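Letters A, B, C, D and E name the chains as they come in the text, with residue numbers starting at 1 for each one.
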Amino acid sequence: DDKGGDAGNKETDKVAYITAFGAVGRDAFAWVAKEKGFFAEVGIEVDIKEGAGNQPNLTALKAGQVQFAALDFTGAVIQAGKGEFTDWRAIAAVHQQTLISVMTTKDTNITTPKDLAGKTMATGAGSVTELLFPAYAQLAGLDPKSVKIQGVQTTALNGLMASRQVDALGTFLLSRGALATASRKEVVILPYSDYLRDLFGNAIITTPKLIADDPDLVQRFTSAALKGLQYSIDNPEEAATILNKVKPTYTVAAGKGEIDAMAPYVKPAGGAPVGVMDEQRVARTIAVLQGSGLIPSGLTPANVVDFNFVKKP
Amino acid sequence: MISLWWAATWVFDADPFFVPAPPDVVEAFTRLPTYLLEQAQVTLLETLVGYGLATVSAILLAILLAASRTIERMTFPTIAGINAIPKVALAPLFLVWVGFGPETKVLMALLLCFFPILVSTMAGLSSTPSDLGEMSRSLSASWWQTFVKVRLPWALPQLFVGLKVATALAIIGAIIGEVINPDKGLGSVIVSSVQTADTPMAFAALTLLAIMGAALFYAVAALERVLVPWARAISS
Amino acid sequence: MISLWWAATWVFDADPFFVPAPPDVVEAFTRLPTYLLEQAQVTLLETLVGYGLATVSAILLAILLAASRTIERMTFPTIAGINAIPKVALAPLFLVWVGFGPETKVLMALLLCFFPILVSTMAGLSSTPSDLGEMSRSLSASWWQTFVKVRLPWALPQLFVGLKVATALAIIGAIIGEVINPDKGLGSVIVSSVQTADTPMAFAALTLLAIMGAALFYAVAALERVLVPWARAISS
Amino acid sequence: MIKIAGLSRTFKGKSGPVEALQNLNLEIGNGEFLAVIGRSGCGKSTLLRLIAGLIPPSQGEVLVAGERVTRPRRDVAMVFQRPALLPWRTVLDNVLLPVEIFGMKRAQHRDHAMRLLEMTGLEGFAKRLPHELSGGMQQRVSLCRALIQRPKVMLMDEPFSALDALTREELAVELQRIHIELGTTVVFVTHSIQEAVLLADRVAVLSARPGRLNKLVEVEIPRPRSFGHNAHMEQVAATSAELHQLLLGNEYLPKPAAE
Amino acid sequence: MIKIAGLSRTFKGKSGPVEALQNLNLEIGNGEFLAVIGRSGCGKSTLLRLIAGLIPPSQGEVLVAGERVTRPRRDVAMVFQRPALLPWRTVLDNVLLPVEIFGMKRAQHRDHAMRLLEMTGLEGFAKRLPHELSGGMQQRVSLCRALIQRPKVMLMDEPFSALDALTREELAVELQRIHIELGTTVVFVTHSIQEAVLLADRVAVLSARPGRLNKLVEVEIPRPRSFGHNAHMEQVAATSAELHQLLLGNEYLPKPAAE
């Protein structure tokens, strides 16, 4: 039926994609790819939905409401490792390093992980930040038990720090700007990636079924999305402006700040292309999680990542 | 009220991150007035649809339960139990069932305000004075006739109590839906401003919600005045 | 009801990840029965304290508003507006104000169930039949005497409507509090089981909440039967 | 038309049962006008509610037109002791309620309703709500509501109690006319012996609690009768005296406190 | 005791105002027993509510014991046309309500309350709730509630309307006794001319809507009076006839009657 049309005018594929969490800087690339026509170039029409964290995103993927999703890779691996939900594969990394960090303000005089001993730290209850803290602390030479962890809803974190109800937060380092605004103090960041170097941050995932049925679509989507990601870190101001159009309450400055902050974590070491995932690192990630007792043994990198879509040079 | 708020922020020298003073909030509002009003409209629409559906379905269910004490006895404990389940906890499930977009929000609004309407309608329906009930029976009125001509009109003042309580719950329901899937509406404004610690903007959204809540409440109260003028007349 | 749920999971061949079948839930419960019951107790206590405080304060406020139409006119729009503000959005603030531990949960429970009690009490208080009101005035009863001996007893059936609606809201409030600061209680069970995708466990907690909700509702209904037996007698 | 056989009714209260009626036997002919008198609380209203099928008997039965009464019948209308008007309906709409419930056209009965309101002196109040009326006016509305049904049997519980002497007389005359014209069977509870004598073919005198049939008195004054001056003064006086005596006679109530 | 000067009262309804009372002037002496008669809806209840201070006059004023009435007074008790009992209180507790409200000791008035209940034939019903009583029994409870106040002025709105002839007579005798013993000023609305003649020192005849004072009739029969056979048969008959005529009269002569 498309004989009459010209050869390049293949029918567009309609897919739905869900962002990791809402519409903030770290997720701007999806809108950038759409706005700049990267998806259209490869014949894909994307419906971007705003995510609400790992669990809802995995649920949405499983229920077939979206075909692609961004989420925190480490958290998803923990779920897969527990055998709770394995029906997904990562196809590209958004952040090469985890963005999880300990964050505090300068007046606490906490400058190294060891300073946390005897202090209270708030984290998202049950979040990856909380789960990985013991592993992080041990590597940093701190007794994890010496820190009092207070689990709360993530929206409450900045307030608790600003009012000094706690001495530190376990949170994504991208919320640095928000904490600075909230506390009006200088923010100190101790990234987990200083010690846990192999953990990825957000990743783009899809279902094994789609990979099997239409690898070409997955490939095209991955390429276009990563092109958007590259473009975003190259042109943070423009990316933030595009995002601001979607969500006017999210200021350009905030968006640019976040994109700038995450840029170092997006670029792979050694000039590898954006989005690449290294099998060795994934294996070490799994090992770290197993080592800290978060998941049983048995999970292999191939269970969670399909390495075919971002080619190493 | 606003002056009280202002005074409080001034007296306690409140940190604008926690409680911004009114001028900050006004400033936040003037930053994006049309956008905020558009989002308010989105939330309002979800609220109204959810509220409307809840009203209709709660009244229908109340009729069913009023029709048969057996059905009521059998099902009401379940309804009361289901109602105590925090919808917030189920929200991700709803997202899967009814999908992203306005449906989830409407569903949340509906679920949150359903029960008060149901309970107050049931209470109203079972409070028919015995002399009116007897009068209706003496005319051999059918169940339905008694219902429409005697029990329901008599229940209206109490039904409106439920409807008034439900306005706020419908708004809250829509917002919970929007927080879970923050694509549009004032709920998404709150989510994104909390993320950037833009408290004045969050308060601007909350203020709009408060205005919306008061407006809806008084709209229903005005409707009550029009529909049940007699209720005031026979009470002191 | 349970059989319906079971049938539904079976007919639709539901994925236990979304909706677990009853046996899975029972299994999840038997995994940690004492722990779950302990957590249920924590939630119940928070709920009851919040509910009790809400009842007392809402009735006191209703008395104040009933005492003066001027005060009512001036403050009620504000109250209705504040009530429409989603407490969920303010929850982080509460955490900062009242701190960790049970206080936040009790406060959320209180805030969620306050308004229905207030509105229904106010409605009840303003529905005194005019002949009883006149009788009381003819005795030169003071405002307070009329209130205690005529208006409040007459308002009880309607007050109980609010109290019944409030039971579920108090539970939901406590759970919202526990989700924000999930240290203890069934809310924290739900948070942690959702994070580990242990849906049967989450459903076990939800089921306990449903049972708790139905039990509270019927406890209040039983209290109503004891305190207002005459209300049934004069209605048909 | 109405047959009452071994009728008893007991109410169960928290502080013990109350025997309201005990073993009542009575037959009321087609088109008969029966007045019921008896002391306050002796079970007159209870009797009417039993005949109307509003409450079930504890023992015995009531037959209306040969059928056992188990629930209200459309050919039996009742005027309650309290007006029982719907507060949200205007006077006219209250009167038209039976018409609506019987599934008839309002428009066709509007004139009839207006005539009844006029007859009861309420023509200016058709559009008012019940709470704007005086007690006697409400009672008249409830009377109109029963009359519009043109029932075969009319049960009337002190329908004139809140009316002044004149209105009472006028309406008694009207009621008599309707009774004769339509051949309605009427059971009429009243506290006025004079009214009973004026209106009734027979007067049932109930004894005080528990209500039993003390005596059935025939009133043999030719119709139409009227209050005040009539040709049968003596008969009226004699019957009235007899009824008065009967009420006094069954004085089981404690004597009024010593004077 | 009571002075009514230029008293008018208009009710505003949605479908236009209703003039209930128009320019009423009347003085009621200390310890006087005034009966008020008039057609249904002529403003009798409105008059009592104005004297009781329950509603404000549209024009004119009411003085009780020389003071202008602006709100209810404790020395004025009212028996309402409808019983207005609290449904959650037992009969005894309903009767004791004024005692509680006046801040007196319940225990001290319990016996009095029981005596009043006995006098009205309700001794067996002290512990029952109002809905378990017949209409006439409820009315008697409300009468007891007024009598327990031993007020200086008693306003009674058709207090005997739901009672049978005998109970009515008994209570009328009791009321007369109380009136004489305590010197209570009584304003007594009734539909029974006979009752008015038996009880009243003077009878105020109101004209039909709007209510105006048609005539004040003195009843010059010596007390104590009783129903039935008495030495003043002729006087009773004459006064009754006059009252009857007055009621009738202003039906056809709607002119305001000058005092």
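Definition applied: a residue touches a chain if its C-beta (ideal position, glycine included) is under 8 Å from a C-beta of that chain, and two chains touch if they have at least 3 such contacts.
Just so we're on the same page, UniProt names per chain: B, C = ABC transporter permease; D, E = ABC transporter ATP-binding protein.
What you see is a predicted model; the values in this text were computed from it and never measured.
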Mutual neighbours - chains that touch subunit C (ABC transporter permease) and subunit D alike: B, E
Contacts common to subunit B (ABC transporter permease) and subunit E (chain labels): C, D
Which two chains share the largest set of C-beta contact pairs: B-C
Geometric centre distance via CA averages, subunit E-subunit C (ABC transporter permease), whole Å: 50
CA centroid of subunit D to CA centroid of subunit E, Å: 26
Distance from the mean Cα position of subunit C (ABC transporter permease) to that of subunit A, given in whole angstrom: 38
Multi-partner residues of subunit D (at least 2 other chains): 82, 129, 131
Subunit A residues counted as touching two or more neighbouring chains: 55, 59, 62-63, 155, 159, 162-163
In subunit C (ABC transporter permease), residues with contacts to at least two other chains: 18, 92-93, 96, 130, 132, 134, 179, 194, 233-234
Pairwise chain contacts under the document criterion: A-B, A-C, B-C, B-D, C-E, D-E
Subunit C (ABC transporter permease) residues within the subunit A interface of the complex: 15, 17-18, 91-93, 95-96, 99-100, 179-183, 188, 191-192, 194-198
Subunit B (ABC transporter permease) contact footprint on subunit C (ABC transporter permease) (complex, rising order): 1, 18-19, 75, 77-78, 80-90, 92-93, 96, 115-116, 119-120, 123, 126-130, 132-134, 157-158, 160-162, 164-165, 167-168, 171-172, 175-176, 179, 187, 190, 194, 202, 206, 209-214, 216-218, 231, 233-236
Interface residues, subunit E side, partner subunit C (ABC transporter permease) - complex: 49, 52, 54, 71-74, 76-78, 80, 82, 84, 86-88, 97-98, 100-102, 129, 131, 149
For the subunit E and subunit D complex, residues of the former touching the latter: 11, 13-15, 18, 37-41, 45, 81-82, 115, 118-119, 121, 123, 127-129, 132-137, 140, 158, 161-168, 170-171, 173-174, 177, 191-193, 244, 247-248, 251
Footprint of subunit B (ABC transporter permease) on subunit A - complex, ascending: 18, 22-24, 49-50, 52, 55-56, 59-60, 62-63, 65, 155, 158-159, 162-163, 175, 177-179, 181-184, 247-251, 254
